[in-house]
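This report refers to the structure that appears directly beneath it.
Per-chain residue numbering starts at 1, and chain names A, B, C and D are given in the order in which the chains are listed.
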Amino acid sequence: MNIEIVHAVIDDLGALLLFTMILIVGASQISRAIYAVAFQSLFIAIAGAVLAMATGNVDLWVIAGITLTVKAIALPWLLLWAIRRMDVKREVEPVIPDLATLTLAVMFVVMSFHLSASLGSVRQAISGNALPVGIALTLNGVLVMATRKTALSQMVGLFASENGIFFTAMAVTKGMPLIIEIGVILDVILAALVMTIMVLRVRSTVDADIADLDRLRG
Amino acid sequence: MTGDKPLGIVLIEMCILVILGPLVTGIIQKIKARLQNRQGAGILQPYFDLIKLLGKGTVQADTASGFFRSIPVLVLATTVAAGALVPVVQSGPPAFPLGDALMLLGLLALARFLTAVGALDAGGAFGGMGASREMTIAPLVEPVLMMVVFSTALAVGSTELGILAEQRGTSWILAWRAADFLGLAAMLVLLPAETGRIPVDNPDTHLELTMLHEGMLLEHSGPGLGCMLLASHTRQIVTLGLAAALFFPIGPVGAGVTGLLLGLCTFALKILVLAVYLALIESSYAKLRLFQVPQYLGIGFVLALMSLALRIL
Amino acid sequence: MSVCFFLGALSSLLAWWSVRLSLITGHLAALAGAMAGLSVSLGILLGNSANKLSLPLPSFFPFARQSLVVDGLSAYFLLVISIVAIAATVYGPAYLQAHSPEAGPARRATQVLALNVFLACMVLLCCAGDALTFILCWEGMTLSSYALVVSDDQDGENARAGLLYMIMTHAGTAMLLVSFLALTERAGAFDFASIRMAANGLDGTTRSVLFFLALVGFATKAGVVPLHVWLPRAHPAAPSHVSALMSGVMLKVAIYGILRFGFDLLAPVAEPLPPAWGWTVLILGTSSAVLGVLYALQQHDLKRLLAFHSVENIGIILIGVGLAMILWRREDAGGSLATLALTAALLHTVNHAAFKGLLFLGAGSVLCRTHVRNMEELGGLARHMPWTAGLFLLGAVAISALPPLNGFVSEWLTFQAILGGASRFHGPSGLAIVFSAAMLALTGGLAAACFVKAFGVTFLGRPRTSHAEHAIEAPLSMLLGMGWLAALCVFLGVAPGFAMTLLDAPTIGLLHSLGASAIVTAHGPLVLSTALATPGGISGTTISMTMLAILIAALLPLAWMLRRGLRTAPQRVAPTWTCGMVPTARFDYTATAFAKPLRRIFAAIYRPRREVIRETAGTPYVIRRMQYTGDVVDLAETQIYHRIHYGITAISQAIRDHSTGRIHVYIGFVLGALFLSLLLFGGGQR
Amino acid sequence: MAETLLWVIPLVPVVTALLMLTTSNRKLLSTIDVSSSAILAALTLLLAHEVGASGPRSLGMFRVDDLGIIFLLLLVVLTLAVSIYTVAWLKQAVEVGNMKVESLRFYFALVHAFVATIVVTILADNLGILWIAMEGTTITSAVLIGYHGHHHGLEAAWKYIIVTTIGISFGLFGTVIIYAAAAQVMGDASSMSWIAMMQVAPKLDPGIVRIGFIFVMVGYGTKAGLAPMHLWLPDAHSQAPTPISALLSGILIKCALLAIIRFQMIAAAACGVDFPQQILIVFGLASIIVAMPFILAQHDLKRLLGYSSVEHVGIIALGLGFGGAVGTYGALLHVVNHGITKAIAFMAAGTAIARFDSRNLQAIKGLLAVAPIGATLLMIAFLSLAGVPPFSIFVSELMILRAGIGQGNWVSVAIFLTMAVIIFAGLLHHAGSMVFGEPPKTASRESETRSPLIAMLLLATLMILLGLTIPTMFDGFFQRATEVVLG
């Protein structure tokens, strides 16, 4: 298929990703946020597949597969398991009011689009609007981490921002080296595991959420 | 700037000052007595006192250290040495330079320093008090005196008394400028303070409240006290001599014996005038409280400053 | 020379097995170094005034070429350093043993090491031929003296004193650093020669800015009011022979820096220095002189009092320097005033080194015999330690600028320079100069008062405490150290003319005009003379310290004969007359009481605080006990430094208290940083 | 030869880590630890010699140039010292109960895994590998920070892992963007190799590189502890076990800086030298200013050191920002000097804390009386941190100052100096109150153990040596590294 179609598809998927992102930001229950992330990863996998078809790049197939298995299935399952394991309250407790969070989210989206619009030759480098969407996803993911009290929702935010990076990385016209992608994913998995262990550890030693501790200050 | 004034004359002048010193005190006392309608002692009385004291034995304070014994010697020597710097019978710098006005003030300050040290040595309350008060007044007097000296020295470009006197000698009082009058006024304000007389100090009393200089002499006795007294007489006349050299013209300097005698007479005259002035002040004013003295000296300071300003601007 | 210091530093390691040995060897090495320095400097100074000694150092740092250059000025300060160093090293071992016998090897090692490093740094600093060596030695000097201050004893007081010292001098050094680096960056090299070249190209404002930066740096080290607050704390805290070095020499190194910058590195080629420089220095000097002595008057801690007098004397030196800066190249041809002023300053430098060293060593002897620094607890020492007392008295007379000792000579020269300056400048500036003369006279008088108090209360009268009663005379080596300086005081006082030839090299080197001896001792070495160009032609003043000394010497026996009396009369010893009561030590006049009148007269400056607590027995008329406490505050300290200090600490405390430990804030900051920098820098080049 | 070293050197710690898992005997573990560090050091010196003799080498994804050598040398020196220090420290920790004997092996394994990741970070030529290794350091060190298991440690570890992961995910994003820009230019021969990118750097699209560099700057800046992304640093560095703190402050944050340097070079080539320098100066000044109040009003010894690390990273960034031969040289020199000094400081602080059983600055008093050598070392370390000669930091700060003045960047210089003086006052105040005065009764009076002293003295001699002179060999490395950075 020719490049315009690819761009069109990428743009549509980008829109979907943004939609899921807003879902995550606005989610009132952790589980929903997790499902949203899972879907996000799914869309990214699809995007990978589309790009693979378009460019005939085998690596992209592999990456799409890994993304599907790891980010759309394994990690969400891990999070859900952790929730069940330590039966936390299912509601996410925002640090600042949801409305403010949403405004910020929108602001980030606008800024990222404005920014990439200011660049002339992005579209040759990164197909479609992958760059602005990627920036928006990354920033919003971090925004989620900054505005959610519980550790798990912070992990959700982390995965969301990773997704943003992945999306952009896939959309790089020449594609990323496979080994790098794999290494990155491995790192993400490791980080997720370590974080989960810590969360459980704190839950078991002092009955508190690790993200809520603020004894160290000044 | 070495002049032609032979060293012998310098020494003679020094001796003259030492000898005349007590006389001045006697004269002042006599005038005071007269002004108070008293007969008063003879003007030679200070000499008799000195001789009497030199003949007496001494009583030494048990707490006094080895310094105490030598204090009078040092004080007397330094004061007399100061006397060598005052031109008496002949103006102009000496053949071999000796010292200038600053040196003179320095020597007097040294004498004062040693006296104060001696006063503290005995370890009595009075000595300490006297020393404390003396050393409180002295630092206030010195800068003013310095400025007076400067205001005259600026006109000449030298602080050497011989040269100053010479300049004065050539310029008669009609040639004075405002700065000179102001300087003289400042000097007159300072004289009682420097010679330790009313209204700053009272030499005739041994009351705890009033004495400054006397308080430091309390522990001295016999010849020691004699030396100290002689020193203070000398100090007085040296101060008057300084004033004279700074402000009053020495008569036309004739060579030879006549000239010298003439100079001597003029000098005696000037000293006499100043002595009368001191006597008048003493008998017409009351002694100031210690903490009013700074204001009193302040007048002198302002006068000196004005004279300097006029000299420079 | 530096080798000796190095050996001394090494010998501090000996302390691990023999404390005494390391002490002796360390100080001996330092002594040897000082001797070497003395010989080098004399070699330079007595040789013809043009010659320089310069040797390149191995390049320690790739970016700078380091070297030592000893010209006249360096040699002169080298001389000053060596003079005091000799006394201090002779004095040191016995003092340390007597003062703190309990000190362990570690402390001894530190002290010996630091002493040697201290001396070496000062020496190399004066001989530095490039900026890097200068700065390194400068900081090394600070650091080693800091080590000496804190090593004296472990109580917190010294640590605080050292802290203040380090902070202030470091702040000063920062300024200095900027000024230096601005020059080196222009020059592209560190050595003074190329810096001079670079300085020629400077425009007026930059030149002045650099000078004032450096001036602040040096003034902090020199303890100029209002940058002096560290000095009266740090100097007393050090071991006494180190106090002697710090007060006598380290401050002078700062003076060296000012001279080096003002007259050498930053000086314009042919035209006079900017007027602002000289006037600033003159005003700083005058205020330091007066305030220093005023605060000294109210001190009852002997060494603290001496430290404040260092502030005063630095002020006097700076008056001379300032005059020289003002007058240099501003007087008509053949003018000698600048040289005169500079000579006065330099001479006072060595004089102050001599008598302040002597006084600190004397105070040290008292301290190590009584372990008391507060004068109110001393008294009557003159009978237990007569030699120390005599030497101290000599120093006191010298520092009070009384003839026939050296203090008078340099102040006389200063006065003459002032007289000349006043006759040169008409109008308000001349008046200002003369006013500084009046202040100088006031300073002298106050100094005399202060030392009557210091000497009288410490050494005379009755012992006030048992500390003072059981004091014994200091050991011989300490007396030797003092004696050497005392001899210098007398020599420089009685025959200053002979010292003038030493001053030729620095004066000619700096001012490129007539040398000191050509101007001051024009009529032979026995006579000090000045020649001022006045409207009425050339006139001047001549004095002869030597003749005066002879005169006094001749008068003494005569006076002594009078003192003996006309006939041999009985000599009795009786208790002091105290209105019939039995005198005790409580009758002695205390230091507080002695200084009380002046405190009241200058209350505006002292802001004295006094509180009296009365314990009455029922009726207010019967007083059982009365307690009086009073002190004076240091204006600069309370008005400037406390405010700065409290301000900064309060702010940082507030910031710290408001900081949170919530991870969300952490993340928020990261996000914000990214967002902002994307907004600020990210926007493409449209 | 050098090529083989390139893959042997990373292998050594990996092998050691695996070896560690086999035994649980403390003495044996310590021996392996020290010896492997020694081997690492020896190999690195060999490599350094090779590179010094005949230029940079590269092997697959690994590449070493003089820039890398400097960081590598710093790393091995610190590792060696830390291993020596650990011997007695561990003994004490086990006795107190901070460490369980059976879990020691994991501790050592983690430490060496940590070292391995750092080595890879330094040697990586491929920017992707660089990122992966960096994330690896985060994970391993996070576990080590939380190792004691009490919830303060875990809190610190959590903050550390979350914040730095966010940070370097930004870093990854920046890498991807820049790679995208490069790939577009390179065409089919596109790779993430840094050296390849440098060759095409001038042709890259400045707009994209701009954004990319900002992402990288903020991202790796977080890892490097630049303000305002520094907040995790004092927590982590203060909670970690002392040897880990030494490594974290000593080398890890410098590695992040190395990454920043690499990208700075690309950005400088792509969109002009000024752009990256501006950003570096801004972040540097921010760090210096932010550190000041927290150093002044600090109660916790190790946090104090953490904040001082923030300040010094800021100074390094400032030096890079000033740029030019002098500034870059100074910055690189400062990397080494600060690494060594801060390691001493943390070690000395660790011993002091163990002695007084408290990290409160008010509680630690009169160290000189109970432990003279340790107290002296602490004092020296603090003085050096404050920038006093003859200690090494003074020299590098001097050069950075020179650069600033040479650039005529007076504002930055003024801020830098003011803050430096205030911080100097704060550090010296704290040091004085710890070292002098009367020690409390509770302080343990037992004599000082040897191995920590050896470690600290080793570093201290190095520090003073570098303060007095820069040996020709080092100078060569620094010179060439400066050329590398300046291109």
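Just so it is clear, a contact is a pair of C-beta atoms (placed from the backbone, for glycine too) under 8 Å apart; a residue touches a chain by one contact, two chains touch by 3 or more.
All of these numbers come straight from a predicted model, not from anything done at the bench.
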- Comparison of C-D and B-C (more C-beta pairs in contact): B-C
- Item | Chain occupying the most central position, where position means C-alpha average | C
- At what distance in angstrom does the C-alpha mean of subunit C lie from that of subunit B? 35
- Using mean C-alpha positions as chain centres, tell me how far subunit A is from subunit B in Å, no decimals. 100
- Note on the structure: Rounded to the nearest Å, the gap separating the Cα centres of subunit C and subunit D is 44
- Item | Separation of mean Cα positions, subunit D and subunit A [Å, integer] | 31
- What are the residue numbers in subunit A that touch two or more other chains? 115, 118-120, 142, 145, 154, 211, 213-216, 218
- Sites on subunit C at which at least two other chains make contact: 656, 659, 661, 663, 667, 670, 674, 678, 682, 684
- Note on the structure: Within subunit D, the set of residues that touch 2 or more other chains is 158-159, 162, 166, 170, 207, 211, 235, 294, 297-298
- Task: By the touch definition up top, name every chain pair that qualifies.
- Result: A-C, A-D, B-C, C-D
- Complex interface listing, subunit C residues touching subunit B: 379-380, 382-383, 386, 389, 393, 397, 400-403, 408, 412, 415-416, 419-420, 422-423, 426-428, 430-431, 434-435, 437-439, 441-442, 444-446, 448-449, 451-453, 455-457, 459-462, 523, 527, 529, 532-534, 536, 539-544, 547-548, 551-552, 555-556, 558-560, 562-567, 569-578, 583, 585, 587-589, 593-598, 600-601
- In the complex, go through subunit A and note every residue touching subunit D. 115-116, 118-122, 124-126, 131, 134-135, 138, 142, 145, 151, 154, 158, 161-162, 164-165, 168-169, 172-174, 176-177, 179-180, 183-184, 186-187, 190-191, 194-195, 198, 201-202, 205-206, 208, 210-211, 213-216, 218
- Message: Under the stated contact criterion, what part of subunit C meets subunit D in this complex?
- Response: 60-63, 106, 135-136, 139-140, 143, 150, 154-156, 158-160, 162-163, 166-167, 170-171, 174, 177-178, 181-182, 184-185, 648-649, 651-653, 655-656, 659, 661, 663, 665-667, 669-670, 672-674, 677-678, 681-682, 684-685
- Given the complex, residues on subunit B that touch subunit C span 1-2, 51, 54-63, 65-67, 69, 72-74, 76-78, 80-81, 84, 93, 96-100, 102-103, 106-107, 109-110, 112-113, 116-117, 120-129, 131-133, 135-136, 138-147, 150, 153-154, 156-160, 163, 218-219, 222-224, 226-227, 230, 290-291, 294, 305, 308-309, 312-313
- Task: Provide the residue numbers of subunit D that touch subunit C in the complex, in ascending order.
- Result: 158-159, 162-163, 166-167, 170, 206-207, 210-211, 214-215, 217-218, 221-222, 228-229, 231-232, 235, 275, 278-279, 282, 292-294, 296-298, 326, 329, 366, 368-369, 372, 383, 386, 388-390, 394-395, 398-399, 401-402, 405-406, 413, 417, 420-422, 424-425, 428-429, 432-433, 435-438, 468-470, 472, 475, 479
